[in-house]
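Structures are listed in the sections that come next.
Paired with chain B in one complex and with chain C in the other, chain A is shared by the two complexes that follow.
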Partner chain A sequence: MKYILPKNDLNALLTAWSAEYAVIAPQKTGAYAEFLPFTPQSELRLQEPHNTRYPVKALFFPQSEAILKYNRNVGQLENLEPEPQKRVIFGIRPCDAKAVTLLDTVFAEGDNQDPFWLARRAETLLIGLGCHEPCATCFCTSAESGPFHRDGLDALLTDLGEVYLVAALSERAELLFSGLTPADAAQQESALLLQAAAEKSLPKVFELDGLKEKLDRVFDKEIWAELAQSCLGCGICTFLCPTCFCFDLVDEAQRDTRVRNWDTCMYRVYSLEASAHNPRPTRKERTRQRLMHKYSYWWEHVGKLGCTGCGRCVRYCPVGLDIRAMIRKAGAYESEVLHAN
Partner chain B sequence: MNELEQKIRSEAERLLKENLVDVVIAFRKEDAPLRPQPAFFTSIDDLENLVYNSLCANNLANYLTRYPRETRIGMLVRGCENRSVNALVVEKQHARENLYLLGVPCTGIIDWRKVIAVTGEDILEFEESDSTLTLRARHQSYTLPRAELLHSSCQRCVHPNPLSADILLGEALPEGDPKLIRERVETFEALTRSERVAYFKQEAERCIRCYACREACPMCYCEECFVDHNTPRWTESGTTPAGTHAWHIIRAFHQTGRCTSCGACERACPMDIQMTYLTDKLGKDMWDIYQFAAGMDDKTQPPFASFTMDDKKHFQAGGTQ
Partner chain C sequence: MPTNFSAPNPYQPIPMRVLRAYYESNDRTLKTLELSFENQVDRVAFFKKFNPGQFCQLSLFGKGESPLGVASAAWEGDFVRFTIQRMGSVTKALHGLKPGDPLGMRGPLGNGFPLADWKGKNLVIIGGGCAFSTLYALTKHVQHPQNRPEFGQLTVIYGARSSGLCMYKHDIQSWYQRDDMEIHQAIDVPEESWDHHVGYVPDVVKQIAPSPDNAVAIVCGPPIMTKFTLPALVSLGFPPEAIFTSLEKRMKCGLGKCGRCNIGSKYICKDGPVFSLAELNALPADI
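Now for the complex of A and B:
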């Protein structure tokens, strides 16, 4: 069902939801927007063309989380699993919602049933805001997502100026919006036009067909050294990435606590073994791992691309490395150099 | 293409052609117009991609420690980069005779964050003059005063000219006003203890421990950083207050007498954390106590790395004062 939500009524609606749900929405902190708990006084940042800087995955999988308390003297363990909480994440972009579904395949599929992820995921609704003006760093349409894609969303909003057109996509979302006026045919038509225009505005930055095979064939080639040359080896691209999920378990002995922290393949110590051997000794192998994981291994493991084209890694790389160009160059190396020989 | 860029390109070409260097480290253009990328030129055919403008934001001296001392490196250096190179040569991280420094007097680096904060949208093209920056975005064009968009470290820069370059490309600029950097530190020093703590916490606790500040810093070249050490572990591992506070305090202290105030750490930070007030404070202390400033030449050891028989021994009972 499609509804019309006047922007002037948004605050009242989110306030009403707050009686039952913890509502989380993008708000300004310093120079950038971040997902924070909503209060009627909150100043929402829904106009920005680009995404929140810090990824939404943190709302399900916090960067540092105490998972276990222990008492060494009496051998006692206390599990710190969170209680499920009814939440609405309002204003999530389609690429980020898609990323949550990709992480479901890691934390909530088959034998992998992560209680921390499940507790936060089960009762959380994702209310998406489509991107009528994708950024120069966005490449969702090249990465199996799109500015108005619905994967993972309970509802999708389209900005029509004074009002949002709301497409409710789940029963739970129908209940949230059922008090609103239904959208008329003209409004639905203008939303469709806007969505199509946004989709069209994004260029195809690489062809996914055959890409995995191309990358696999250049695995042991020098192209990776060239691509990684300016890389600093910091964790920005992976920490801000909505789909990177690696973590490390650390016993904070002074606090008798076991902690789960995000980890990143871009760090030297990530793959450093106790023997002092490091199977990924230089930035070349580490950069290759980041790109191959998203563009080859994800296909292998779950049949999906491990990137949604949100563009954070492009936007915030301190040396201007661009994953789109890196993937293109690796692919081109396969076509031009390998085939030429 | 600007005249300076052409000069850099010609000199780089000469160095490679005459086989005076193995690599020239400078910048190249990438797809995002605000983000030129550090680049490593080994062939003159590549040099057409060399760019130089005020958005070249990285401190290239950072790449020096990736090469063996025997590698002959040609490097584009601005004032701060030259001082970083000097400090690294003092610390024996490269042999000065194997470096050829292409010096460029620097009018300051544009902070792309400030650009985005003003325009609110992506920049598709830009053009700069001495005093303005003209930016074309999707909806409109902007002409903005250059000085306001400079990175804050560049606004306070004292030595914009390369001090020991092998060739100087471009006209030397007037020195900056040393009062600016001092006044900023003094403003901070004048705060009450609780105000200082509050400021520090507000900055440090946004940290996501990506270590971009460390990786962007030429002086952070340890094979194993203290935060990566786990037997014993020196800091709490996560993004907890204890973990982030320890990281920022210890990182700053390791820069004492070594930091050249280039601001590369702040420019790399994805969370806009401002911590140069700490390194600038340490720089001010080094000057006030030892009359030492990092990187002014490639011979003088920083006070905390040197030892002489007449050192003051405040810590020793009956020691010389």
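Now for the complex of A and C:
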């Protein structure tokens, strides 16, 4: 069902939802927009063409989280699993919603499901805001997503100027929007045109067809050293990535808790073994791991690309490394360099 | 959308207690801990899943966790044995444990040896250094009168740098008296009163030349030993599908979630640690 939500009514609607749900929406903090709890006084940041800096995965998988509390002397444990809470994440971009579904395949499927992820995911609705003005770092249409894709979303909003056109995509979302006026045919038509134009405005930055095989074949080649040459190894690309999920488990002895922290394959100690052997001793191997994981290993794991083209790693890399160019170069290495020799 | 949020917490260790603790090596870098279960329900759940070749995360609160291969067979008793090399802060603290001390354990983790596929086969077990611990569990499993008829000939080749570093000495000494197996021990350099093999494991393997007929070879050891033993077995005629090894990597969760132990698309903790050489050959060289 499609509805019309006048922008002037948005605050009242989110306020009404707040009676039942914890509503979380992008708001300005410092220089950046971030997903924060909504209050009627909140100033929402929905007009920015790009994403929040901090990835939405943090709302399900916090950067640092105590998972166990222990009593060392008697060996007693306290489980710190969260209770499911009814939440609405409003204004999530389609690339980020898709990323949440990708992380479901890590934390919520198969054996040993992650109770922390499951509890936060169970009663959270994702209300998406499509991107009618994708920005220069976006490449979702090249990465199995798109500015108006619906994967993972309970509803998708299209900005029609004074109003949003709301497509409710789940029963739970239908309940949230059922009080609104249904959209008429002309409004639905203009939303479709806008969506098509946005989709078209994004150039194809690489061809996925056959890319995995090309990357696999150059695994042991020098191209990775070339690509990693200017990398500082700061790890920001992985921390801000909405699909990166690596974590570390550490004991905080002073607080008697076992804590799970985001970790990154871009650090040397990440794979350093007790014997001092390191399977990824330099930035060459670590850069290769990051790119191959997203563009090759994810395919083998779940048949999907491990990147949604959100562009955060491009936008925030301190030395301007661009994953689009890196993937293009690695993909072309075989035909350009190896065959030329 | 996932709806099952009552899944048990896979990061929560079960309570264990040290039953016995003793040094394995004369340099005191290797110590064996035998752990008993605090709760019967945990014991039953553990042995229902356990298979030689699997590992556990031993957990010391305030220190952290360390992944260690299980060095005992299920029939040996209601305990789990680990032989621990002192390397970092967790293994150092594990070395400090005494009988009666509590600790946590998560596991069994990983796939273990594919015993069902090995039924009726001759087993050639080749180990070096403290990596022999999971092969010791395998040998103990096979030796049990109920399990022994399921396999053909059993040959064990075990090398260590010196006689002082040889683990499970008294038990292995008794294997020379068994008529259902062959045992070959080797040390790197000659020592007085050592009347077994002298030399590196790959050379000893070539010298003994086990037959590849209807056989599988299982190799666990330091990377340098494995590197040279695998081609030695190939040249003896073992096909890559009949050669198995167990890998190690830095691990945290042990469940295929924390990311760091991957080789290509495989996680050592979940898809391994046991792989055939054929499987390894299909993976990128990220070891």
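We adopt the following convention: the second predicted complex is superposed on the first by the 337 of 341 C-alpha atoms of A that agree within 3 Å, B and C clash if a C-alpha of one lies under 4 Å from a C-alpha of the other, contacts with A are read in each partner's own complex, and residues count from 1 in each chain.
In this text, contacts are C-beta pairs under 8 Å (C-beta built on N, C-alpha and C of every residue); 3 or more make two chains touch, one makes a residue touch a chain.
These numbers were taken from a predicted model, which means no experiment stands behind them.
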{"item": "Fit-or-clash call for chain B and chain C when the two complexes are aligned on chain A", "value": "fit"}
{"item": "Partner chain(s) touched by A:263 [first = chain B, second = chain C, both, neither]", "value": "second"}
{"item": "Contacts of A:93 with chain B and chain C, given as first, second, both or neither", "value": "neither"}
{"item": "Partner chain in contact with A:57 - chain B first, chain C second, else both or neither", "value": "neither"}
{"item": "Which superposed partner A:250 touches (first chain B, second chain C, both, neither)", "value": "both"}
{"item": "Chain B versus chain C as contact partner of A:279, first or second or both or neither", "value": "second"}
{"item": "Partner chain in contact with A:214 - chain B first, chain C second, else both or neither", "value": "neither"}
{"item": "Contacts of A:135 with chain B and chain C, given as first, second, both or neither", "value": "first"}
{"item": "Arrangement angle, chain B at one end, chain C at the other, chain A at the vertex (C-alpha, nearest 10°)", "value": "90"}
{"item": "Touched partner set for A:290, first chain B, second chain C, both or neither", "value": "neither"}
{"item": "First (chain B), second (chain C), both or neither touched by A:230", "value": "first"}
{"item": "If touched residues of chain A are counted for chain B and for chain C, the larger one", "value": "C"}
{"item": "Least C-alpha distance (whole Å) that remains between chain C and chain B when both complexes are overlaid", "value": "6"}
{"item": "Set of chain A residues, in rising order, touched by both chain B and chain C", "value": "248, 250"}
{"item": "Touch list for chain B against partner chain A, complex", "value": "30-32, 35-40, 57-58, 62-63, 113, 117, 120-124, 138, 206, 208-212, 214-216, 228, 236-240, 243, 267-268, 270-272"}
{"item": "Interfacial residue positions of chain C with respect to chain A in the complex", "value": "1-13, 15, 61-65, 87-88, 91, 102-104, 223, 248-250, 252-253, 255-260, 262-265, 284-287"}
{"item": "Of chain A, residues touching chain C in the complex", "value": "67-68, 70-72, 74-75, 77, 79, 81, 84, 104, 106-109, 111-115, 117-119, 121-122, 216, 219-220, 245-251, 253, 256, 258, 260, 263, 265, 270-275, 277, 279-280, 285, 289, 292-293, 296-297, 299-301"}
{"item": "Of all residues in chain A, those that touch chain B in their complex", "value": "30-32, 48-50, 53-54, 63-64, 133, 135-137, 229-230, 232-236, 239-240, 248, 250, 252, 254-255, 259, 261, 264, 267-269, 314-322, 324-325"}
